[in-house]
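Order of writing sets the chain letters: A, B, C and D. Residues in each chain are counted from 1.
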Amino acid sequence: MSILVGRDTRLLVQGITGREGAFHAQQMQAYGTNIVAGVTPGKGGQTALDGSVPVFDSCWRAIQETQADTSVIYVPAAGAPDAILEAVGAGIRTIFCITEHIPALDMLRVMPVVEAAGARLIGPNCPGATSPGRAKVGIIPGSIHREGNVGLVSRSGTLTYEVVLALTEAGIGQSTCVGIGGDPVIGSTFIDILELFRDDPETEALVLMGEIGGNAEESAARWKAEHLRDTPMVAFIAGRTAPPGRRMGHAGAIISGGSGSAADKIAALEGAGIRVADAPSEIPRLLMEAGVRPA
Amino acid sequence: MKIQEADAKSLLAAQGLPVPPWAVARTASDARASAERFFASGADKVVIKAQVLVGGRGKAGGVKLASDAAEAEQVATAILGMDISGITVRKVLVAPAADIVREVYLACVLDRGARRVLFMGAAQGGVEIEALAAEDEEAITYIHAHPHLGLLDYQARLLSFELGLEAHLKEAVAIAKGLYATMIANDADLVEVNPLAIVRERGADGSSVELLQCLDAKVTLDDSALHRHPGLEELRDLDEEDPVDIEARQQGISFIRLEGDIGCMVNGAGLAMATMDLVKRAGGQPANFLDIGGGARADKVAAAMRLILADPSVRAILVNIFGGIARGDEVARGLVEARAQQSRSVPMVVRIVGTNAELAAEIMSASGGIELATSLDDAVERAVAASRREPAST
Amino acid sequence: MKIQEADAKSLLAAQGLPVPPWAVARTASDARASAERFFASGADKVVIKAQVLVGGRGKAGGVKLASDAAEAEQVATAILGMDISGITVRKVLVAPAADIVREVYLACVLDRGARRVLFMGAAQGGVEIEALAAEDEEAITYIHAHPHLGLLDYQARLLSFELGLEAHLKEAVAIAKGLYATMIANDADLVEVNPLAIVRERGADGSSVELLQCLDAKVTLDDSALHRHPGLEELRDLDEEDPVDIEARQQGISFIRLEGDIGCMVNGAGLAMATMDLVKRAGGQPANFLDIGGGARADKVAAAMRLILADPSVRAILVNIFGGIARGDEVARGLVEARAQQSRSVPMVVRIVGTNAELAAEIMSASGGIELATSLDDAVERAVAASRREPAST
Amino acid sequence: MSILVGRDTRLLVQGITGREGAFHAQQMQAYGTNIVAGVTPGKGGQTALDGSVPVFDSCWRAIQETQADTSVIYVPAAGAPDAILEAVGAGIRTIFCITEHIPALDMLRVMPVVEAAGARLIGPNCPGATSPGRAKVGIIPGSIHREGNVGLVSRSGTLTYEVVLALTEAGIGQSTCVGIGGDPVIGSTFIDILELFRDDPETEALVLMGEIGGNAEESAARWKAEHLRDTPMVAFIAGRTAPPGRRMGHAGAIISGGSGSAADKIAALEGAGIRVADAPSEIPRLLMEAGVRPA
């Protein structure tokens, strides 16, 4: 098994005819993801991916015709909040928003609608999720994965790839790798994803990739201590050397008002019995010390 | 984006909030002229405040009163050019000094955990909210605005009562709602009025009246939303920005200059932070944070290189690119090109992995002058070593 | 409150919706002058439409085309003064006749069950939506706007696609959102554009362009919200209102004139309807619906009496007051007073129960000329009997 | 037992210092209702009802100090929507709004907040509820009631009183009498109240007072046929003789677009096995025919 995306996923790609959407749709399909529909308003009736995927004017029509159950959004920031609302309104319950630079107040308005519908949003400004050997949704390079039983959740993009590659090279496969995004306001938190991993029988160990800013890592540490006491878990926090008050790329990555520092996060994680790696390359070793067996 | 107090006050005033008059002066004589106007229209004293985007200006001596125009000029002379937390003061704000009866604190801020706008109020104003929170958590009233309906009337009233403003209920409600309106109208992350003050003014008939006024204002804006507020981009204070910061922004590169000597060029914010951390762990000192962003094209790579080399302290460059969206060969070509245009010779260690990494390695080997690394750890070690070598003579 | 088409069009235009030009004329010569202006600015034909607040004016002959100014005057002459469902036409709207390519239906309405604003769209326009719904329920697209965020962009697009307006997507989205904006800006219950039409116009260079226009508009307003839109009260068409309706409104009395001869005065809308029903069941004919509202004061009772007696058909008056908020003695005093000022003698049956009912009975017995009933059924029976008696000579 | 209001009710009166609020607060207290607090912004610290009830500036403070659990609103229309939101925000879960003439769009905005909080709003423009011998909340005259086992729910005000009096005079007591209000947008529907009566062991028979407009009676009839098959129920519909297209006093009472007529409603009710009375005075007889025994 896996979480969020898998062999049963029927994927809808919003913005499939755009440059980003078209490129990644091709990559996802090549990986084996079952893309059943695309949506670009005004291009209904066309096809994408060499005629293999029908394009619709609206999510509503796309779902009526294809029973898509998961959506991924490559729509530019100005239209992305509406694209999320459209997916929710059409009945999609798992939505990945890859788009970056969505204003935070737009997300504040969108989230209550997502929640009221009982839908799950991952992102925005996230790399998506890959269940190796099953499906990938988003932009994580498919080639770096290996099938296995380690679940990974991360606030970063390329740093996630770095760790996935390190795991794969060490012979440690992954059940699902999830990037939740680096924005201040995101749809799914570490805890939301950890809950899914808890309920996945194939996930036997966890990796959490955090960074400075906010207190999501601290909350996740408390939750893990309470609900996942027996699952081995290793973490990494990026930004140990970041100066306070400066935004480190991600809008969410800023140490402000004496909170959000790497030191606080590491202390919270270690306090919850989670080993914190000094470098991404250390993570495989720490997992093995915690009992994970490479293939 | 941070903006200056005077600009923040303009945004509040645009939403109809009561902000006493002010003027901005870049020279002491301008400050004197403004002070003269305020004295002429009845002010007893004026306050002169350094306009800088860093905190603690009061403690640093950047806020002073003056009782006449000559003193105003003298105070302005002292403040202008002053260094506050590394920033040179180039502007002062001049305003009539208020006759303050009482000061309170009121702000709204984006609460990322709750995904709501959070109002914070304290009956004690004029102090830093973090300090107050550390001292007495109970002293602060927290209220989340409704995500769609905003700060509701009853919430604004509740804040007003908790702040002890019952004698000014209508004004206080309007101000609290105005803070929210300011936030929404400008896509702000933070709108802070500290102090919000009950001030005593002379009425038309000479009697004294008490009213609420926003005596200071702090607003920070959401960079992701600036494009839809064309007027706000103009509030960016280029005086306080490094020319390299300006170039970085124009190129869509996240760049922060630090104290060290190893220039870093990385794609992705998390990986860029991790790379800095690894440099420090290996005994080196990163000269910067630099996230080149997604799909790093050759011209962007060249611009990133210019930004790094503009720092004379840089003694080695570490390039770490994990190709996903970014194609390794394009990055390599950009690096080779930039290397050719480079004015001074700085050792460069490159690690490219992912899409078209082999092609990238070929391109860089053919060009020469670039040290290729096999892993991130390897790249960091080599860069730290390179930063310690004596520079080759050009 | 219903408003005339021309006023509804003004409200749409105020929200930036595309409404072709129009003029309102009260005389045939004014209609001719307006038509001349439209012909001079390029119209081939003009349409002349009766302005009445009842439906079915098209079938009644209240909408006609004219090809020149003389014909316009002739048509206007025919329409002005026409009777449509009992309403005399006093005004016509004159507008250039559009070159219609296709008509669709678009409206938003308060959906009480869902507690949402409901959009309804049909690719077939120009017909009544109820008729269309009865014929083919599938022909109508229903979408609920979000209760806080309004009609979302994707919902507006969905409507546009379902209406076959994909070639005019941007315009159609703007119009759908404009309907919602019109609803919110004016506290409307209903905003209907039927037809919304694709019309052909000559471009500046003589070529033909197709664009969307709102050719008709119907807006009804929420009476409870009129007070916060002072401008809208002026749109009330006093021409179509009975003077008694105007007085009732000013007194805060709900009053509807009916065909019968038994005038009713009741407190509470439900009880007033039930009282009417009982009158009819007992073989009588209610002359009106009248809800005097809560806390019926003496002056309001007197006003209600004037409203009832203004109808010459009234042969008996039935007063049914269940005192809760309303105090029976006050009602009784009002009745006695009104009775004294009464110009013609009409039998009056009164039933007052609840707060101070005994006192009320005493007051009325003392005055005389008022028949007291012991129960609602008794009151109804007595009133019906009274309405059949020969009127006493005054 | 009873529904909505009873001996345990701890009542907060919003607008207690206004003319209406003060009068009805006195009436409610005289009936025996436990009024624990009043709220009027700016009058915190005062008292009402001859010093027996403290007045607060906000619902939040009132609840902190008095643990009120039910609220009744006598605030003018301009402030009533905010008063509802304030009660909800302060944690009150049963709210009666007596205020009339609240714009419908205001209620559309308020209702999702009420629902999201899991609160119950009765009204606006409603007379409230009385559980005879226990408590009355609202404006229904207390004197017309008698304790018993018939539950009554109505869209009207004085028509409700008429029927209650008829029941009482016939010796038929009531468990609770609830007026849900005659506005187009109201917080609780017939069905919401019928659900409460279903779960009340003391309520043995039901009276539903409907009127023209909307289709709440039809929905209630369907619900009753499905969920309350064995409970005797009598109904009355006001407006049989109302002409279409004219608003009969209540903003909600209008026959429009071929729906909302009394004939349709009566047919739906009778189709669901509910006896429909021709006159309010018939209701006691129909109840007795259905097995209700007078005292």
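Simple rule for what comes next: a residue touches a chain if its C-beta (ideal position, glycine included) is under 8 Å from a C-beta of that chain, and two chains touch if they have at least 3 such contacts.
Everything quoted here is computed from the prediction, not taken from an experiment.
Participant: Could you name all chains that are in contact with subunit B and with subunit C at the same time?
Facilitator: Joint contacts, listed by label: A, D.
Participant: Among the chains, which has its CA centre at the largest distance from subunit D's?
Facilitator: B
Participant: Measure off the straight-line distance from the CA centroid of subunit A to the CA centroid of subunit D, and report it in whole Å.
Facilitator: About 49 Å, centre to centre.
Participant: Could you put a whole-Å number on the gap between the CA centroids of subunit A and subunit B?
Facilitator: 29
Participant: Nearest whole angstrom, what separates the Cα centre of subunit A from the Cα centre of subunit C?
Facilitator: The computed centroid separation for subunit A versus subunit C comes out at 55 Å.
Participant: Of all the residues in subunit C, which ones touch at least 2 other chains?
Facilitator: Within subunit C, the residues that touch at least two other chains are 148-149.
Participant: Show the residues in subunit D shared as contacts by 2 or more other chains, in ascending order.
Facilitator: Counting only residues that touch two or more other chains, subunit D contributes 109.
Participant: Given the complex with subunit B, which residues does subunit A contribute to the contact?
Facilitator: 77-78, 100-109, 111-112, 127, 139-141, 143-144, 154-162, 165, 182, 184-185, 209, 211-212, 214-216, 219, 236, 238-243, 246-253, 257-258, 278-281
Participant: Under the stated contact criterion, what part of subunit D meets subunit B in this complex?
Facilitator: Checking each residue of subunit D against subunit B gives 41-42, 44, 57-61, 79, 82-83, 85-86, 89, 109, 113.
Participant: Any idea which subunit B residues touch subunit C in the complex?
Facilitator: Touching subunit C: residues 148-149 of subunit B.
Participant: Where on subunit B does subunit A make contact in their complex?
Facilitator: Subunit B reaches subunit A through residues 110, 112-113, 115-117, 130, 147-148, 183-184, 187, 189, 222-225, 228, 254, 256, 258, 266-274, 276-281, 286, 289, 291, 294, 322-325, 353-355, 375-377.
Participant: For a test of understanding, state which residues of subunit B touch subunit D in their complex under the given definition.
Facilitator: 146, 149, 152-155, 157-158, 161, 166, 169
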